[in-house]
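Would you mind keeping the following structure in view while I ask a few things?
We call the chains A, B, C, D, E and F, going by the order they appear; numbering starts again at 1 in every chain.
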Amino acid sequence: MRRALLMGRFQPFHLGHLQVVRDILGEFPQLIVAVGSATFNYLEKSPFTAGERIWMIHEALAESGLDMSRIYITAYPNIENNAAWAAHLKSLLPPFHVAFTGNALPHILLKEAGIEVRPLEMINRELYCASEIRRRMLEGEDWESLVPPAVARIIKEIKGVERLKFIVRGESDPLHW
Amino acid sequence: MRRALLMGRFQPFHLGHLQVVRDILGEFPQLIVAVGSATFNYLEKSPFTAGERIWMIHEALAESGLDMSRIYITAYPNIENNAAWAAHLKSLLPPFHVAFTGNALPHILLKEAGIEVRPLEMINRELYCASEIRRRMLEGEDWESLVPPAVARIIKEIKGVERLKFIVRGESDPLHW
Amino acid sequence: MRRALLMGRFQPFHLGHLQVVRDILGEFPQLIVAVGSATFNYLEKSPFTAGERIWMIHEALAESGLDMSRIYITAYPNIENNAAWAAHLKSLLPPFHVAFTGNALPHILLKEAGIEVRPLEMINRELYCASEIRRRMLEGEDWESLVPPAVARIIKEIKGVERLKFIVRGESDPLHW
Amino acid sequence: MRRALLMGRFQPFHLGHLQVVRDILGEFPQLIVAVGSATFNYLEKSPFTAGERIWMIHEALAESGLDMSRIYITAYPNIENNAAWAAHLKSLLPPFHVAFTGNALPHILLKEAGIEVRPLEMINRELYCASEIRRRMLEGEDWESLVPPAVARIIKEIKGVERLKFIVRGESDPLHW
Amino acid sequence: MRRALLMGRFQPFHLGHLQVVRDILGEFPQLIVAVGSATFNYLEKSPFTAGERIWMIHEALAESGLDMSRIYITAYPNIENNAAWAAHLKSLLPPFHVAFTGNALPHILLKEAGIEVRPLEMINRELYCASEIRRRMLEGEDWESLVPPAVARIIKEIKGVERLKFIVRGESDPLHW
Amino acid sequence: MRRALLMGRFQPFHLGHLQVVRDILGEFPQLIVAVGSATFNYLEKSPFTAGERIWMIHEALAESGLDMSRIYITAYPNIENNAAWAAHLKSLLPPFHVAFTGNALPHILLKEAGIEVRPLEMINRELYCASEIRRRMLEGEDWESLVPPAVARIIKEIKGVERLKFIVRGESDPLHW
């Protein structure tokens, strides 16, 4: 059975990601959504824990009526040695045959490990973009319309916007200590 | 929504585990199956990678007709500091309210972190036991009847029994090098 | 017995820190001074080793006539996973009931772990500030008047200013190698 | 000022250790008590966290009427590379001139790093011995008489004996999971 | 036998390095070429793996007609704790008596560990410079004339210039994922 | 150019290893001798540092009159994730086409990574065996005749036998601390 891989940090998972998931499931019988940078959290560019991100993605895909028996969602930690990264990733995931990524480094590392890599065909990239969503959270603008309802609900439940504002304040403070 | 956690190394996932999953889903709306010792593999007591174990569990639960939208399956690496383990685990999983474990160390660590822990009510513990299954693999006895069909199929596909035999031979060899 | 925690990198410990220590000891029977980033040293922002920082703090508090039987001084290494940081910290320190910190990230992490956190009421923050002290060391200005005598004496004994100048020169050099 | 180092895991600190501390303070103006294996805890041979061990030692020495301004108590994590261990240790401690240890590996590593090492002159080694104390805890025999009163009080406060029994049960259980 | 150490990241090894090797071998019977940042690769400033760098250096020195029985070439990983770095390095290399480095941090760390350190007398530093060579690779200018023929040949064989361009593109892309 | 890999811990390098090196160089133009467990040292089964082992091997091969321009000698650290080990190893070594190993685990891991693996044809395996040599060192029997002269000379120079005896004594001592 052919299985596709979709990698990302998903800080947070948004409607652009959801569209990509739908597209891939139109072509492949199974999909692995792999949440990267698993141990990074409570940081300006990585505010949510891996567990929270798995939770958001699972609930978003389930509420969209997708067949969850065709979908794997799991997280993987980073490693320092890029040249061993593809093997590290493969050890943590079910076998996959095509990887989708919009980033150059995973692209080259997977390709050199003999894996077929395809670029993401993502709609409206400037809008459906995690850094744009975090910017809107920080500036009090609308961000809920850019993410699936389950993601918006969970971020509110965990007080994610307050967390992000708190973190950013810390990082921009002079470090007296 | 109340969510239960079932932890284990699942080397491999067997019919005793499957029964526990069914029992928990009879009581809780959602279940997280968390695969421990994620980075240990190709070892006598841990022959399968985390990815292979996620794959086996997913396929076994799906073929059993369970509602996969109610189930999370993910893996987590070990850490050295036991006293920080519960917080590490929580950061890698969606929120959970009750944890099921048959092991004393996770039991005490989760309990001291304020999490409700329940013992496993596992049928026929001598038989449905991962170390017994690995023993049978090594000695050429029947093991397939102790695991869900999907698990047996995947272990054959990845030549898991040959792998285990190869590993064990290595570990018992005198280490000339 | 109620015990307070004062965290910092203490690069170096200065008169602002000393004032905070006095204030806390006026309210709490015991105080833990915890030296963070324990394994970072010989860096522009972290020139002193954890051992040197423990040494400076101990001697500064002792020379101030404080009752050392009420004070703990210890160091702790960083970890990558912020969401597990509070548990990591707790495992390395005696029990504490209130934490004092001037930084947003420790603040939110300790608070979410159920620990009471209070901001620092530090006098003359622009002056009594470790980065200002390091700047003065580099530019040959007076810095001794901003730290307790024991700290100035130890920094001279270990040739700390020369070390800092050497390190900074290295970091600004083009990296030919 | 000459400073001595006393290293150990202190699982737990006992009256033999206390005697050694007194002896060293009779000869040296200052003493560093360094708690090793800082990140190991909730294990059969290492039941107590580094923070708990620092706490026990501090309270035991303070209740003995020793001058705490002459004593440092801190913890250090292990590293894999033994040949770099002495340098690692030195970076985490104030300068020291003589190290006391009853163990051969630290002895040789410190000596090869140019540090004077002296063996421990410990009274009644079979009795005042951490593994004997843990054995007595597990078998319900008297152990309190082998440790300073503060250590006994803290171990009771943290329910240390129950913890140890729980851990040991876990380790001797067959690992079904 | 007196042995010199030449450290660097060698991203890549160039004619300036080669000249230094010749100079050192004119004075010392043996030389260790130690490749630092061994686990960093596929990065803009560190495009080549440690293995590739060892390969380039070995072939470049051999083709230059140098006596390879007088030369060691090996790699070492970084560690976090600078104050333990010299001991870490020493454990990974044959004994050496003088270290050559053009960088301030290794200089101070080795010197404080009691090792004689000498600055590099490198010809034409602006030209024979690894960052200049990488810049030329990226901009399509001549870089081959700045490295030994074997280095140019290996970089072509591993498609190193294409790799570097790919990596840089990735790092400058907005991080949508 | 075809390049062979010979892996081992080489604790210490002996005449059996030397014979294998000669045999491989009779068939392959180049050979990589890769020293494993690079950060393990001062242990009963791993008494020598990686640097000492590289030194012994280099001097032994050079004194045997082998052409050192055909030989690479380097060390690599262990990693936890066996399934990523082959990729980790490849990143630290020049390209190789055939690997020689007498151990089952490296054998299966390299084979599954697509590398040709061949068993060692080692003469007199009971005699030319590192654990037998260490046993003889401990018991005061002849061991020098089992290793190349350069290895015996270096072990004497670093007082390796005394070190091994010291370490073993430590490990068999009851751990009072």
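One rule holds in what follows: contacts are C-beta pairs under 8 Å (C-beta built on N, C-alpha and C of every residue); 3 or more make two chains touch, one makes a residue touch a chain.
This structure is a prediction, so every number in the text was calculated from the model and none was measured.
Undergrad: Figure out the least number of contact steps between chain C and chain F, where 1 means they touch directly.
TA: Graph distance in the chain contact network comes out at 2.
Undergrad: Where the contacts of chain D and chain E overlap, which chains show up?
TA: Shared contacts of chain D and chain E: C, F.
Undergrad: Can you check how far apart chain C and chain E are, centre to centre, with Cα atoms defining each centre and the answer in Å?
TA: So the centre of chain C lies 36 Å away from the centre of chain E.
Undergrad: Between chain A and chain F, what distance separates the C-alpha centroids? Give it in angstrom.
TA: The mean C-alpha positions of chain A and chain F differ by 43 Å.
Undergrad: I need the residues of chain D touching at least two other chains; which ones are they?
TA: 39, 41, 49, 81, 83, 90-91, in rising order.
Undergrad: What pairs of chains are touching here?
TA: Every pair of chains meeting the touch criterion: A-B, A-C, A-E, A-F, B-C, B-D, B-F, C-D, C-E, D-E, D-F, E-F.
Undergrad: Taking the complex as given, what residues does chain B use to touch chain F?
TA: 39-43, 49, 163, 166-167, 169-171, 173-177
Undergrad: For a test of understanding, state which residues of chain D touch chain C in their complex under the given definition.
TA: These residues of chain D touch chain C: 38-39, 41, 49-52, 54-55, 58, 62, 67-69, 71-75, 77, 90-95.
Undergrad: Spell out the residues on chain D that touch chain F in their complex, using ranges where they run on.
TA: Listed in rising order, the residues of chain D that touch chain F are 7-10, 16, 36, 45, 80-83, 101-105, 107-109, 120, 122, 125, 129-131.
Undergrad: Can you list the chain D residues touching chain E in their complex?
TA: Residue positions touching the partner: 79, 81, 83-84, 86-88, 90-91, 113.
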